[in-house]
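Letters A, B, C, D and E name the chains as they come in the text, with residue numbers starting at 1 for each one.
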Amino acid sequence: APDKIGIAIGEDPSTLDQSASWTGVDYQIAENYGEFLVQRTPAGELKPGLASAWKVAPDGKLIEFTLRKDVKFHSGDPFTAKDVLFSFERGRVKSSTSKTRLASVERIEAVGDYGVKVFFKAPDVTFIPNRGGVMMVSKAYFDRVGEDAFAKQPVGTGPYKLVRYASGESLDLERFAGYWGDKPKIAEARFFFIPEDTTRVAKLKAGEVDLINACPYSAVKDLESRKDFKLVKLPVDHPTMSVVFATQNPKTPWHDRRVRLAMAYAVNTDAIIKNVLGGIPNHWVFLAPHELGYDPALKHYPYDPAKSRALLAEAGYSNGFDLKLYYATTGRVQMNAQLAEAIAAYFEAVGIRTRLVGEEWLAYRSRYNASRKPTAEYVALFTHGRAGSPDPTYNVSLFFGKDGPISTYANADLDQLNADAKATVDDAKRAELIRKEVRLIQEDVPSFPIYNNVTVYAMKSNVVFKPTLKYNLDLTLVKDMSFA
Amino acid sequence: MARYALKRLLVGLVCLLGVSLIIFVAVRLTGDPTDLLLPEDASDADRVALQAELGLDRPLPVQYAIFLKGAAQGDFGKSTRWRQPAMELVLNRLPATLQLSALAFSIAMVLGLLGGVTSARLRGSAFDQVVKVGVTFGLAVPVFWLGLMLILAFAVGLGLFPTSGRGGFAAMVLPAVTMALNPAAAMSRLSRSAMLNVLGADYIKMARVKGNSEARVVWKHGLKNAAIPLVTLAGIQLANMVGNTVVVETIFAWPGIGKLIVDAIYARDFAVVQAGICVVSAIYILLNIAVDLVYGVLDPQIRYD
Amino acid sequence: MVQEPLLSVEGLQTWCFTRTGVVKAVDGVSFTLDRGEALGLVGESGSGKSMTCNSIVRLAPQAARTVGGRVLFEGRDLLQLKEAQMREVRGGRIGMILQDPLMSLNPVFTIGNQVGESFRLHGGRRSATEIRRDVVEVLAQVNIPSPAQRMASYPFQFSGGMRQRTVAAMALAGRPSLLIADEPTTALDVTVQDQFLRLLKDLQANAGMALLMVTHDLGIVAETCDRVAVMYAGRIVEIGKVQDVLGRPAHPYTEALLQALPKAGVRRKRLFQIPGEPPNLMDLPPGCAFLPRCHRATELCKTGVPPMVDLGAGRRAACWHLARQEALA
Amino acid sequence: MNPVLQLDEVRKHYPGPRAGWIARSRGVVKAVDGASAEIERGTSFALAGESGSGKSTLARMILRLEQPSAGSIRFEGREVAGLAGADLAWYRSRVQAVFQDASGSLDPRMRIGAIVAEPLEIQRAAGGNKLTKQEMREKVQEMLKLVGLPQRVFANYPHELSGGQKQRVAIARAMVLEPALVVLDEPVSALDVSIRAQVLNLLADFQDRLGLSYFLISHDLATLGHVSTRMAVMYLGRIIETGSTDEIYARPLHPYTRALFAAMPVAEPGRVKPAPAMRGEIGSALDLPRGCRFCPRCELAQPVCREVDPPLVQVDAQHAVACHLAAPSLEDTGTP
Amino acid sequence: MNPTLGAASPRRRPGADLWRRLQQMPLLALAMLLPVVLCGLFGPWLVPHDPAAIAPAMALRPPSWLAGEGWTHLFGTDYLGRDVFSRVVVGARASLLASLVGVGLAGVAGVAIGLCSGLFGGRVDAVLMRLVDIQMSMPAILLALLVSAALGSGLVAVTAVIAIVFWTNYARVVRGETLGVRQRDYVVMARVLGCSTPRLLWKHILPNVIDSALVVASLQLGAAVMLEASLSFLGLGVQPPAVAWGKMIAESRLYLATAWWLPTFPGIALVVTVLGTNLLGDWLRDALDPKLRQM
């Protein structure tokens, strides 16, 4: 079997420095050469990584890690507690994502060369699921080569080392002989950055690469029908494409719960998923089945235009109303415009006169931020946090809490419930609280989901690839690939 | 001649200054990059801090002055998206774009001249009609559509060329052809009409009277006289190619400067946009000067001293 | 012993096919030209003088086609030659000077290059130095001062007269036996024109070349030519020795032409003016083309195109009145 | 004596040609270098001379398209350069022009009627007349009739007319305001012999009718002799001989004038032309020779000619010449 | 130069001239553009289906006549099950509106600037032409992106982008023409007659330079639709429910391999329009040139 693999992905990483990684693509690449303290198996289970063991204090405010002693960076420097401290410090400064993940951390202490104590301001149930927040980098290497070389030629402890990077073009990985863990099957990998979906698919079809990620849904049927290729569908779930309301402004029709509910009833999400999105994405009510607090009893808003109209009439909008529906015209979510058009058409069908306002990503984001004001008139197609977060309580506070930094919603009951849930370390009890929260949200409709993202990897039929499940990034880890 | 070139360079510098000012303002009209740089759950305080860090809190004239001062020393600031010096990024990507543009340009010129001149010679013939249709096609076909069709046909279907990426001459063929079609059409159009103008001139008749063969009449006596507008167009096209590769670069995953600038625009990466467009404009200006100097070679009546 | 003429044009017809109709620019032109002889071709603008010349060397504009007649030159019918053979004739056996000296030289090549080209095309294989020598020689022949230096000049650096003489040099390079000069001096000052015509006469005399000169200036004809042909509306209406035609015009058009000339001495006398408008070649009256403007016009003139009447001594004219006189005689 | 137009030592100097379009220009082109003349009311004054000798430039200055660099141009006693406002409008109505290229001087986008009416309209806008639209139309139609054009050309565009017809339109436009002076810059050079006669006759008719004056430029000596009562010959920006036309025809004094007459082709077969008394190429207004500007080409040049620029000297009441050898002793030294 | 062909022949009736010119009309160009213009004007009333009505169950059906299903969906359906034929017909309006208005605005601005530059010359000319240089030295598509990033997307933004990107061409061409025309004898003659500067500009110069502007415009119409398409490709075109061809083509690129009818029919509409305007432009150039008109 060959031991070289070619992979086409959509975008360049924004940085190679794994401690500065902050976007999805950054992690797609960097996790091949950088590692966290904790690992995830392809099945999605957490398992020891650079930390061979960890202990969470009963109050949840301290976690003690024990580090492996046989780990070396690609530069040859040994991995020690000093590196962990350095990585945490650097991550906090360099990566906005890491900064968020480490927000709950009060301080970190080294215990000898191979022990680390992390103190928290408050218990953080997301810290371990987030695998300890940052990928590890070498302090010794940094001291030796300085900032520039460190950022351009990063070294990690991962199964592969980075050998070459041509911006906008490709990136080469090579198996690291001194890797502490299992030796991966593939010796060399080249990532190509192909932003245009059609080209990416063409590259696979032409046989120039073995695997592509983010295969467009429109190409799935065609590829499935060919025996040279196969597809792996990875539920990423987060963020969940939803219709989001800024509920606070009493002047807007959708301040009224019945209107929001009517709008949820108006959209045939199943038809959209089946016909427009090729039947590929998931459609969870709120949480994915594997998540804590998943409630099998909870049902979708049904597609019921008659009831929708009735609800609108009841709320005093029998003649409908004018609506601006915002959506993003650029960015990484596929078929956004198509989706927006479909939803607008459904709204129109129940009498809501919908004007689509497509905005380029940044304008769209700015508008979202602005919509947190209680005077905002805002309904958007937005990727809301529902399923697939490190912990359901995390997303509820982020997206639905009164003070949630990206929330356009406020509900004192919900906030109380979520606060209780966060403070509950016991999983069963927390699950019950989460179920209550979810039901409350489902009833009040601050947003309603359209679909949960499933990313599709397409590959030649001789490629074996097990992507990491139960995690909200579409990682492309070469170590999990092999040839049949 | 040297003095003339110097003078033009100075004027070019003024133009460049104008470009930088316009870009500077325009890029700031597109929005505030902090929203993109901060995580979703960042606080307002974080935003203010980041703005200060990026220097975006200062008055615009001050920002521009700082930019100019840096630019004068070759420092165009640091990319917020790629966290590298902006100019370094731009210059790294430039060769790929130049390479592609050069090939596309050559194809466009050869096709355009051959088509245009020959159809001028055979005015009204079937060939002329075919070229006319081809020209319209070249002017009417959206570049992205053409590029994708070429990929599907020649890379996936026939397997003659790589679908995308950089590497060897073969990889350049499809993107270069894609890029060349439109300029080739324009060139063919212009060379046809320029040639028709020239072919009506008395000295062309004189060349025939002297017993020149038709090919010599057209390619020797005609072309050099028709050359001035053609060279002008060629210069503009070459320069535009450098700037208008975006779509082709996106489709063919060609690691060039156009895609970089577009990504930078989307990322509100002011430094890279500024550096990138300044470089492209500088190339345009230099090419224009070169074109003017070429005039002097083509037309003996133009002398610079 | 009757010597075969150098050039014999018989019933030449060149028509222009335009969007709006057929223009019979040349419609049955016949004349001969002997070796060493100078024939003037006069007539008003649009009468088909240039078209006749261009048809002889087969360089009529695209819209035009030669639909009839023969052009016998040195025993061959030029209209039947292959294009490659024709190229040998052009610039070789037949030299040609076009109307506008400012425009006949290619502005982007040096004088030496352009004159040299004529030699390269027609002189057989020769080295660059030989060609250079020939160029210098021919430029000197046409009175270009310091030709060796001026070879490197571009046309715009030459005065109008010098340019005109350069064009003559190019026409002479192939040592032609026939030189066609299409209004060679219209754009020139009288003094320069005078110089040039003198030169042309000299060359013709020295090289034994025949000259076909187009002009609408009767003065030039009087000074330069042996015989003259007057054209009107695509046909020759009168041809004969210069003294005869200009001295005692036979055709009313020739007569009118001469009368309309302002005479230097006679001031403020009303000039004779030919009434009416020039003919529309697309829509000629059925009879004599000059009929609408002719003071002699009678019903007879409407009967058809007037035949050529031989008036003796090589003189012929196409007028119904002359035909009748002859018939009576 | 009541001259319509007086030219007094008029000069026009242009900056020399620029090498390329950005380099600084070098030298001075002395297009007109001291020209003096008077034009009597109701007569024709003709100007002959080699191409580039400054004839058109002089005409342009009279038409106030160009300001003289020096000297004065007076029209009916008033300095032309100083006219402004209503005075300028008056001048515009009194002085008209006809140029050589008839198709070039008619706006291809205007109908013939509008072209001929334009002077009336401009004058009306300037307060020069108070004609109604209908009156203007009648006036235009009357003019068209006068120049012998059919009424239907009123609605034609210039390109639909023949060269002679176009030139008649240009004349109609020039005459519609019944001016005092018409500047004619080679009005018949581009026309066929037969049409030339028509136009010359037409011009003569207008002169008889309106009693106007012509300033005529031509290098066809026959035309010029036919039309003018007085004439001048220019050479490189300078009037080198002037006087009554008859006199100059009978007794040309300047060697250049003689050469000009000698070169004139005449439709008299068998006439033997004298050899030209001139050599070389025409000089350039950019670098004038020292002394007499004709001397490099003059067969008769004497040492003095290379040193001193000869002034225009009156040889008799009707005749002045600028030549060391011609005035007045040329006869004495003997003609060649 | 060709008096014998002058049309002032005695047998001319009034109107004959017009008829002759009509006969020389570019029938092919008109045949191409007429349906396009009709669609642009009356599109919404001509269509068999509501172009915005979705029917997800009917998504991505090929043209119905190919499947032997009659003429219900002449051009097939798109990813939302909408009728492609109706969308192409209705799309004409936005495509034409953006390009016509954009090119028109560019034309007005460019012609005005070109005229001033050419007529006044000197410092005015230098400043204006430097402006043109500056704009031209910035890559058009990037400029367009910047502008639309600043203005947001939508028909108005696309139109503005077209106007901003295209005015320079007019300015250059008109300036060049003005420089030429200003020296022509008829302009000189107008000055002899005492024409005021506004009258000179309006009556003599503008009518004589407007042709080249029209020709530029005809060529740019096609380019404008292309720019609209490119902007859509980059995510910044017109917004739904507005339909425009460029947007349709750009969005359908995902289906190039699987649903050929999606890009093909709007593509044909685009090609026909560009071909039509180009032919019209060629004809205009000939027709407006009085010299050629005579031939």
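Going forward, a residue touches a chain if its C-beta (ideal position, glycine included) is under 8 Å from a C-beta of that chain, and two chains touch if they have at least 3 such contacts.
Here the structure is a predicted model, which means the values were calculated and not measured.
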item: Pair of chains joined by more contacts [C-beta pairs], A-E or C-D; value: C-D
item: Furthest chain, CA centroid comparison against chain D; value: A
item: Cα-centroid distance, chain C relative to chain E, in whole angstrom; value: 49
item: Separation of mean Cα positions, chain C and chain B [Å, integer]; value: 53
item: Inter-centroid spacing, chain E versus chain B (mean Cα positions, whole Å); value: 23
item: For chain A paired with chain B, centre-to-centre distance based on mean C-alpha positions, whole Å; value: 39
item: Residues of chain C whose C-beta touches two or more other chains; value: 45, 277-278
item: Residue numbers of chain E (touch at least two other chains); value: 1, 3-4, 6, 149, 234, 253, 256-257
item: Multi-partner residues of chain A (at least 2 other chains); value: 198, 330, 360, 362-363
item: Chain C residues within the chain D interface of the complex; value: 44-45, 159-162, 189-195, 197-198, 216-223, 242-243, 246-247, 256-258, 260-274, 277-278
item: Touch list for chain E against partner chain B, complex; value: 130-131, 133-134, 136-142, 145-147, 149-150, 219, 222-223, 226, 229-230, 233-234, 246, 249-250, 253, 256-257, 263, 267, 270-271, 273-275, 278
item: Chain E to chain D touching residues, read off their complex; value: 1, 3-4, 6-8, 12, 14, 17, 184-196, 199, 203-204, 207-208, 290-291, 293-294
item: Of chain A, residues touching chain B in the complex; value: 14-15, 17, 20, 22, 96-97, 99-100, 151, 166-170, 192-196, 198-199, 202-203, 205-208, 330, 360-363, 365-366, 369, 398, 404-406
item: Parts of chain B lying in touch with chain A, wherever the complex brings them together; value: 30-33, 35-43, 81-84, 89, 92-93, 96, 148, 151-152, 155-156, 159, 162-166, 250-256, 259-260, 266-268
